[in-house]
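For clarity, chains are labelled A, B and C in written order, and residue numbers in each chain start from 1.
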Amino acid sequence: MSEVRHLVSIDDLSLPEVRALFDHAAHFAQDLRAHSAICRGRIAASLFYEASTRTRLSFESAMLRLGGGILTAADMRTSSASKGESLADTVRVVSGGYADVIVLRHPSEGAARLAAQYSEVPVVNAGDGSHEHPTQTLCDLYNLWVERGRIEGLDVVLAGDLRYSRTIHSFAYALARFGANVVCVPQPGFELPGYVVQRLREEFGVEPQRADASRLGDLASRSDAVYLTPQKPHQLSLFTDARGFSIEHVDAVYMTRPQTERHPGGEGTLENYLQLGKRTLAVESLRDAVVMHPLPRRDEIAADLDADPRSIYFKQAARGVPIRMAILGWLTGALDLATSQRAPELRAYPVTVGANPCPNATCISRTEARHVTPMLRLASRLPLRAHCAYCSHEIPFGVVGCSTTRVFHDRDSVELRKVRSDHLVFLRDAAEALRLGFTPSVRGVAGTA
Amino acid sequence: MSEVRHLVSIDDLSLPEVRALFDHAAHFAQDLRAHSAICRGRIAASLFYEASTRTRLSFESAMLRLGGGILTAADMRTSSASKGESLADTVRVVSGGYADVIVLRHPSEGAARLAAQYSEVPVVNAGDGSHEHPTQTLCDLYNLWVERGRIEGLDVVLAGDLRYSRTIHSFAYALARFGANVVCVPQPGFELPGYVVQRLREEFGVEPQRADASRLGDLASRSDAVYLTPQKPHQLSLFTDARGFSIEHVDAVYMTRPQTERHPGGEGTLENYLQLGKRTLAVESLRDAVVMHPLPRRDEIAADLDADPRSIYFKQAARGVPIRMAILGWLTGALDLATSQRAPELRAYPVTVGANPCPNATCISRTEARHVTPMLRLASRLPLRAHCAYCSHEIPFGVVGCSTTRVFHDRDSVELRKVRSDHLVFLRDAAEALRLGFTPSVRGVAGTA
Amino acid sequence: MSEVRHLVSIDDLSLPEVRALFDHAAHFAQDLRAHSAICRGRIAASLFYEASTRTRLSFESAMLRLGGGILTAADMRTSSASKGESLADTVRVVSGGYADVIVLRHPSEGAARLAAQYSEVPVVNAGDGSHEHPTQTLCDLYNLWVERGRIEGLDVVLAGDLRYSRTIHSFAYALARFGANVVCVPQPGFELPGYVVQRLREEFGVEPQRADASRLGDLASRSDAVYLTPQKPHQLSLFTDARGFSIEHVDAVYMTRPQTERHPGGEGTLENYLQLGKRTLAVESLRDAVVMHPLPRRDEIAADLDADPRSIYFKQAARGVPIRMAILGWLTGALDLATSQRAPELRAYPVTVGANPCPNATCISRTEARHVTPMLRLASRLPLRAHCAYCSHEIPFGVVGCSTTRVFHDRDSVELRKVRSDHLVFLRDAAEALRLGFTPSVRGVAGTA
């Protein structure tokens, strides 16, 4: 009777659900060993299509601590069983009796969403390419909550490579959603990408403000800090002046390593990368800021900080176990979240006409093109914008057709308001529309005779 | 006190034992999670000398669901521990305290038989090269039994690459043994091999009949169907006419993928391979045929069949868990089979004179030649025929000696009836016999002076 | 309150503790399956930076038999998570909540000692390069104890490649410590190395004696046997004459394979390597000697010995499970050792001045040089000798400085007696001392003006 819940994106959870998960995690954390009856008889399967030992062990530890069993496929990609088989088929088999929850790691964006479509048991996204890794984000939020007692209103510095870090992007969205303020202190040249800022603006009303970071000392000596607050502009203006919002006190510094493997120049060491150390942390504004890092670290955090009580990065990793216990316990039905408020579900529409419009070459809808029906989500109707339902990339289009009338329109035509959402067909240009048998709108479409 | 049982071949089980395993499996299947006390304290070790993630996970899930523990060696072949060590030694160590049952996957035919010889605990064959995979066959039979309530008398279509599929061969033997009828619908050029038909004929009295497959529609449009029934010829003749037995109604279609990795031309795609789809299944004769497939599938089953209630291939895979629960529970002594009827055991004789007569280059008796004593089984005394006791390949020979009298005879000499089975020495030709110090029979042997 | 214990070296255990572990193991061995409540709720993590399937399975079996859970990382080295991360950081994370005990296998000598420094939970060394593998040694001793009822006073033959076998070296030290006598029967050219003999001499008062091995028959026909006894020389002299100590009766023969992978000529087969077989074992002196081997064996033990009741090598491997149950049970706090006598702890001093003096290129202090502070242990003050605290290699030095006075002295200067142990700085030569800002002692130092 009960519908299967998944954790593909942190947006699959409502705020009360997140809070309830934190409560469970905090309870587990008091004594990790005392809960081995909760998932007895239940099995989690780790299906890892790329190696990520730490993430895998964290989930498996959580399941063992709940008394459950674990099936491990640490390298699905090279296993012969997976040769030529679609992810959908694999998930159907494993979810059909082998396991009671699937923990999926996959290099293609959107893989977990696809898996959730076909799975008879809950799917947890343990990282799908550079898309989402919701349990990492939950773990980060949980750490803030444990350390500070709240998330709303906190001032959190994000430092380092803000451009290529999936973790940073997800964390920024989540902080905005929970009402925390973000201070961006990027490595020069590695600022938060425009599309991340745009989403923060659209979804959470965040307006970037130039910030006066003089009190951050060395930490912000090499780059302009930017202040992002999910509060309404008029509120923010009370605190800002011509020099920008002045950062007086920081609650947390979240440091990230250079994501050299994703840098355009390929792998390599980044010279002059930011390094946090005892001296950087000595300024008054950081007096009681906790220092976080998703690990593994390289040199961006000096060893001399390890013994500092503000350094919580090892605790942060350790807390991945109780938060994942809460997640697995909940998804397998062993724990109740004590809230009925659900996150709103975005409807997805299958692309039934034309080619897959997703522009992302590593999206699961393209890496498994033979097995996957492309799906879209409408991000907004006015202006009309759509995302790939798997990888969340924005769909580029020039004209839009209606799948029933077979008429197509300019992308900003008012006519489109009359077309039902599930009838919209996003097309590159008029030429493609004509090729697919669509007729131009009687009001005319640019590029057609 | 109790002798150790193994599951190397499905022939190790009597029919009542198979039935008893099905009963247990059906009981488990009602609620997979309710049996976690059965194997508590027992351990299964997965020793996989080649990757087969799905098979491994199915066994491991079964053991976890019984409350047992699992030791996983997913890639024994590249592990340094196995370097230079004989399979026999590895099995002796692992069975000496590490585990209570060994699940073995190995690329050499006969590996599981060898392992069983040296193991102090039960060995389950999870696939030995292209030889046997008895739990897959049991799972297939169990599916028929669940879906149809019986196996005897069913009409089962085997379709696709019938030549190179180990699964198909084992399934055909098992169907014959259980009294089901087989309709072969091969991909042209990929017919059931002669030695399989010969064994079906010799062991089960099966006589291939040309079949009228006109009612099978598209399914059999490209090849001649052959009907194999384990019933006695005179019975069959009641139903046949000049056009062959007419197939009116099919209980199951078992589809198999092209085994391109074993095709003489090497890997590659087979063009024009059979594809089952909604249209193929639309004919009256297949109205309530279940569709089976050992998975992974490629394109031989169209996605449009997935939602068809007759498609049971995902259920089929899922049922691998309860049937393996029954097997592991029984072998570890936790479940009783409620029958004392055992399968007859074929005696095996060590080859003590001359070279290893097994002609199969990937037989364990040859891939581990330094560690393995070749063994034979007598398939029949009249005419004299023997099989390799490991890989079941037929032993070729020209003359036969007696290991005590040191006299040798023509292969069809009546003298041989007097030689005890365990004294028979199978030799290539008279020259080899003479070289090994045998004397020709006084009645003369062809090829000797 | 209780400090974390580790098992990095067998020297971490006092003799009464070893005895107590044996008692527990013997109890477990009576019924391996009857102890699954002992570690319920506890987790062991296998962190294997090189493959060693047998060792891993032995530990994991032990943990499962105690009712605990296991996290497996069978190939940490190729896992992306470990890329660029220090061993210390990995251990901090895994010990911070993932697991209750860490089983570490690593190719660098001293890795387990380093891990123990950073771990919040017990670390068991499952082999660190060619340094230590204490549970293997404990297992070997336990076997002697089970078979003979004692270790003290036994005569144990070590045969084969005594030069490159880590197992043999550790076993020799342990036998000496327990008061057993060792008879070395090396493959010619593969004698026990000088530094091993030296340590036996220094720590246990062992004096090598030429032995009369005529009664050992074929076993010692190709090499000179050497007798090592931890007893005082005057006691030994009662039993020896000009021909050396005569070996009359042997309690155990410990055979080892040629460690071809460590031979200077690289991998390869060693011709004419010793082989134990029925004939070798037929002499009176070996009448009731048990035959041991750490496995895997190649040809150094003939298959015809396998059925001999004196061959215990498979039992020996099997007993690895109960002894590791005892170790894991003790380390996780589930078992008490019923003795308060602890092994003396050797103090280690960080090297704060100059380069890492450890000469061993595969020591963890050099393979992870960026993350590890070199540490020394003083082996003796007179003459002054020091070892690397990680890999136990002797530190070479020419002069010695004092880190507070910044004065340096000749290595055998009497002045050094006045320098505190933790102020000693071991330096290659006077030139290095001068470069680092040390001043020569007023008494003069060779090599300075």
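Here is the rule we use: a contact is a pair of C-beta atoms (placed from the backbone, for glycine too) under 8 Å apart; a residue touches a chain by one contact, two chains touch by 3 or more.
Quick caveat, the model's predicted, so the values are computed rather than measured.
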Quick check on chain B against chain C: do more than half of the interface residue numbers occur in both copies, making it same, or fewer, making it different? different
Rotating chain A so that its CA atoms sit on those of chain B: what angle is that, to a multiple of 5 degrees? 120
Chain B-chain C separation of Cα centroids, rounded to whole Å: 48
Residue numbers of chain A (touch at least two other chains): 72, 74
Contacting residues of chain B [partner chain C, same complex]: 40-43, 45, 69-74, 76, 78-85, 89-90, 92-94, 96-100, 371
List of chain C residues in touch with chain B within their complex: 32-34, 36, 50-55, 57-58, 60-61, 64-65, 67, 72, 74, 295-298, 303, 314-315, 317-322
